[in-house]
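Next come two complexes, and both contain subunit A; in the first it sits with subunit B, in the second with subunit C.
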Partner chain A sequence: MNFKHKYIFLFPGLFVLIGILIFPIIFVVRLSLSGWNSYNGLNFIGLENYIRLFTDDPRFWESFFRLSFLSVTTVVLQYVIGFALAHMVWKEIKFQRFFRVLFLIPMMTTPVIMTVIWRTFFHESLGPVNDILGNFGFSPKWLTDPTLAKFTVIIVEVWQWTPFMFLLLLAGLLSLPKEPFLAAAIDGASPVRKFIYVTFPLMAPISIGAIIIRLIEASKIMDTVYVLTSGGPGTSTETSSFYIFIKGLREFQMGYAASMSFTYLIIMIISLTVIAKVLTKLLLKD
Partner chain B sequence: MGKLYTFLKYFFITIWTVFVVAPFLWALTTSFKDFNSVNGGVTYIPWVDFEPNLEGWRVLIKSPAEGGVDIVEPYFNSLFVTCTASLISIILGTLSAYALSRYTFKAGPIKNNDITFFFISQRIMPPIVLSIPFFLFLGAVNLLDSLIGLIVVYIVLLMPIAVWIMVDFFNKVPREIDETALIDGCNPYQAFFKVVLPNSIPGLIVAGMFCIIFGWIDFFFAFILTFTEVQLLPVKIVALNSSITPWWSLSASALVSVAPLIVVAFIVERYLSKGNLSGAIK
Partner chain C sequence: MNLVGENLSYKLTEELQLRKISFNFEKGKLYTILGRTLSGKTTLLKTIAGLLMPDSGTIKFEGKNFLEIPVWERNIAMVYQQFINYPHLNVFENIAFPLKQRGLDPQKINEEVFNSLKLVGLEGYEKRKIQELSGGQQQRVSVARSLVKNAKILLLDEPLVNLDYKLREQLREEFKNIFINGLSEESIVIFSTTDPREAMELNGEVIVLDEGKVLQVGAAKEIFENPKNLKVAAISNDPPMNILKAEIDSNKIKFENIEIDIPDHLSKIKDKNFNFGIRASDVELNDNGFEFEVELAEISGSETLLHLTRGNAKIITSIEEVMDFKIRDKVKINFKSNKAYAFDETGNLASSPFGGSSV
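Up next is the complex of A and B:
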């Protein structure tokens, strides 16, 4: 095909994206090497911000481990539940389309707006959850107990994003070839064996893709936390993004926040690559 | 075995259905309550537990001076920003995706896959990383607190999704279609617009739906980059939440705000059943 047309197709999108992103990214790096105040703008201070981050800021690393815990837990739960749901509505079932649509709906709703509702739902004295549990003598502090607050964030995240996992996995299941299942049926394989030896291995590449996509999105958890608990009680639900947000756009330590966000980005890229490699090794044995 | 599986299946589906529906039902009943039925102990069933009234829904159409919640303008702002940014992302993303699917690019070590990955990898970028420079840059060009500023930012969020879905879609559209068109005397642009594009409508719809979802549900950038002039819906609702807005009007506004995208669930399901989504995920 003709040679130069290809650039006319590619470049508008590519250059718009690069054009919007290039200066912000360079600027984050430059800013991370600077102190910042409103009198004389950027003053170059070398690696001072990074030294502070790596030697003198346990709160950042705590928030990072909390984020890892929250995102891994939610994604694992979403994967297990999403796979189960997708598998259940994959084959003939009564009201199949109704359930498929219903299971998709939470991901169409705006997370922060639903979180506003969840806050009333988990309200300690006026919410329905504690009203029902109250009959059995429990009244858990869903939003103000440090351990339980994490659990509440997980519940809300699972509600919100399991549908996305469900969607990806159901689309995968629907695209599987028919022959292996026929062969398994001829061999008289039981449903459990069929799942372990046929469905699951065939779904492995799609599973890896779906898990990685969800991990990427989950690693950004921030809106839900902001509305649900504001990182609290104390810092018990504070994630990296939220901590950087507080430092940068609440306390206006922009230089320091930039160094944190750059470090955070690098860690994210490295750990996602490692996770992708490990999952590929584990699930795709051939 | 079969019976046990069927039982477990319906049991699990029932539990999940209850879980999915619960917050919506709660919000719906709350929106019809008044002060006593919210604060005097938890109530569930209208007419039995409490006397429903329409106060929560009335505030939606009242002006702020009369105690209304004033979500009409944020509603249209959100619609406008989401649709414009999605449209631009789809147009640019589709063109790029077509180029990446049909032509070979090579610049040193950079090949097609690397360019595709560059587009998609923008999703990895945590919003917080970009928020500080965007905040300062939009401030510098006077686009802070404006619809145009938000649209520019949303293009970064949405174009990767469009490219991701469309590259896979074009890969499934047979090349013979373009080649036949070219032999018939079309130039490459005519071949694309008159022949390939009409054959790609399912892909375009799916990509469009995803752009609209991820544009509409974004809170973070709208929260950081706008203040008073322009307000998007999620930011407005969260602001209501932190003010003294009573639960009934809060619930009504929240329900109205999440309602439009539920239509999208039906559209996505339809294209899912037809098998148009599967390629994009692998």
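Up next is the complex of A and C:
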């Protein structure tokens, strides 16, 4: 097909693509090379922002490693719990449909509103959690203890997003061929061994997909932190996206925030590619 | 010490159920379950394997209640009609799977797997992925996997049915060798099939199953020679035995204006009306015979199957050569009456050319 005016027909699509994808990336790169804040214009200052980021901003790197910790931990927990739940309702059990819907409810709620409710839950003096624990003489500082606050963020994240993992893994389980399971039972595999040697390996491709999707999502943790702790106490629950948000939209250091965003994007692309490769090597043999 | 089933019943659907099946399988023997589709063959095998729990009845093996033992502890091997393997493992790992479950040491596993690969003729394929194999090779892998266990009970559920003609012939021959050489005296082999020729060729003890009931049990030869009733005669012959409503009058068998001299072995029949049975291979073309009209002619391998009609009588004859017939051609045929069967009006065998009779 060689058609003279094909570009005319391609243009509307390309225009949208350029408008919403290509231009913003180029603009962010340009922005990161400027000292743009609320009073300067788009003045070119070279790599100054990047030099500052790599030599003089431990807070960004701390928030980045905190983010890595939080997203890996939450995704691993979501995977384990999601797999367990999916496996449970995959088998013929009583009220199967009821459970399948029940496990999806957290996903149907609005994250921000649910986080507000969780914050109320974990409120140190007024929340119901400490109300109950108080009877036993405990009143943990869910939101103001630096270590415990991370734990609280993890709880809320896991609660909110396990259903998504559950849904993907259940779909995967339901799509598995039945025959290998028949064979495995006959071949002397007890239910536990059947899971280890048949179910899990057969689920490997789906697991990798689900984990990568959730890692991408989880590395954007923002709303939970914003509502629950606002990154506090101190910076103990601050994640990269939240820190970039503070720099860019609270302190209006747009150029610097852009350089952080761009660095963050590059790191994420590289690390997710590596993770996907490693997972594939680990779970799929060839 | 046998595998004994008593009054096994299981209801899956209205047309697929087991109705009070009893059996007694002895070690060191080959059993063939012969029956049409939906006769309950697979259901019965699955019940023995433990994949299905019967609604009532008992299965005992070596004196123990088999139904209380979970599937994975029963030491059974099963080959299915679909080629069932583990898609995520290669050929070697597939065959090694049951041995790994038992926790044998790798040296031993290696040895056993290569032995059984040799037995099914797949040496050199151990590194291949299952998806890279042809259907026949995949089925060989699952046969190897079932043999490697040295299970006390080996169940084969129509293992040849999904293979092409040539391969089926070849594997059937190999199966016979495997059953003779590859199995210990301690094993019970149960093979299910819809194909009477397969049952005859394997030459074991045959159990004829229909609508979830056992119709007849006996050696392959016995089932072939003396089918107990019309149903068995139909199931154990391919094409099914021709059955014609006939009557006996002054030492002649009469139907549709045909008169045949009564052969000796049918002369004892007392009833006037009876069912005259004759195999397709015992009907021959003969210029002095009775005229029939060709309804359909099919060539199957090196034979020609002719579907013929005359009035209300419909018969099938098989001719041992490839011949060209047109629909509505007239042909003349003769019946080898010394090979004829008689079944009474209720369908039970009255007299057979091999001595079986109820009179």
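FYI, the second predicted complex is superposed on the first by the 263 of 286 C-alpha atoms of A that agree within 3 Å, B and C clash if a C-alpha of one lies under 4 Å from a C-alpha of the other, contacts with A are read in each partner's own complex, and residues count from 1 in each chain.
Note that a residue touches a chain if its C-beta (ideal position, glycine included) is under 8 Å from a C-beta of that chain, and two chains touch if they have at least 3 such contacts.
The structure presented is a predicted model; accordingly, all values stated were derived computationally and were not measured.
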Contacts of A:Ala185 with subunit B and subunit C, given as first, second, both or neither: second
First, second, both or neither for A:Tyr197, with subunit B first and subunit C second: second
Partner chain in contact with A:Ser175 - subunit B first, subunit C second, else both or neither: first
If touched residues of subunit A are counted for subunit B and for subunit C, the larger one: B
Touched partner set for A:Pro24, first subunit B, second subunit C, both or neither: first
First (subunit B), second (subunit C), both or neither touched by A:Gly127: first
Which superposed partner A:Met108 touches (first subunit B, second subunit C, both, neither): first
Contacts of A:Met88 with subunit B and subunit C, given as first, second, both or neither: first
Common interface residues of subunit A - those touching subunit B in one complex and subunit C in the other: 190
Residues of subunit A defined as touching subunit C within the complex: 177, 179-180, 182-190, 193-194, 197-198, 201-202, 204, 286
Of all residues in subunit B, those that touch subunit A in their complex: 1-2, 5, 9, 12-13, 16-17, 19-23, 26-27, 30, 38-39, 41-42, 44, 92-93, 95-96, 98-100, 102-103, 105, 115, 119, 122-137, 152-153, 155-156, 159, 163, 178, 182, 188-189, 192, 213, 216-217, 219-220, 223-224, 233-234, 237-238, 240-241, 247, 250-251, 254, 257-258, 261-262, 264-266, 268-269, 272-273, 275, 277-282
Footprint of subunit A on subunit C - complex, ascending: 49-51, 70-73, 75-78, 80, 82, 84-89, 97-98, 100-102, 129, 142, 145, 149
Contact set on subunit A toward subunit B in their complex: 1-2, 5-7, 9-10, 12-14, 16-17, 20-21, 23-25, 27-28, 31, 81, 84-85, 88-89, 93, 97, 99-114, 116-121, 126-128, 131, 159, 167-168, 170-172, 174-175, 190-191, 205-206, 209-210, 216-217, 219-220, 222-223, 227, 240-241, 244-245, 248-249, 254, 257-258, 261-262, 264-265, 268-269, 272
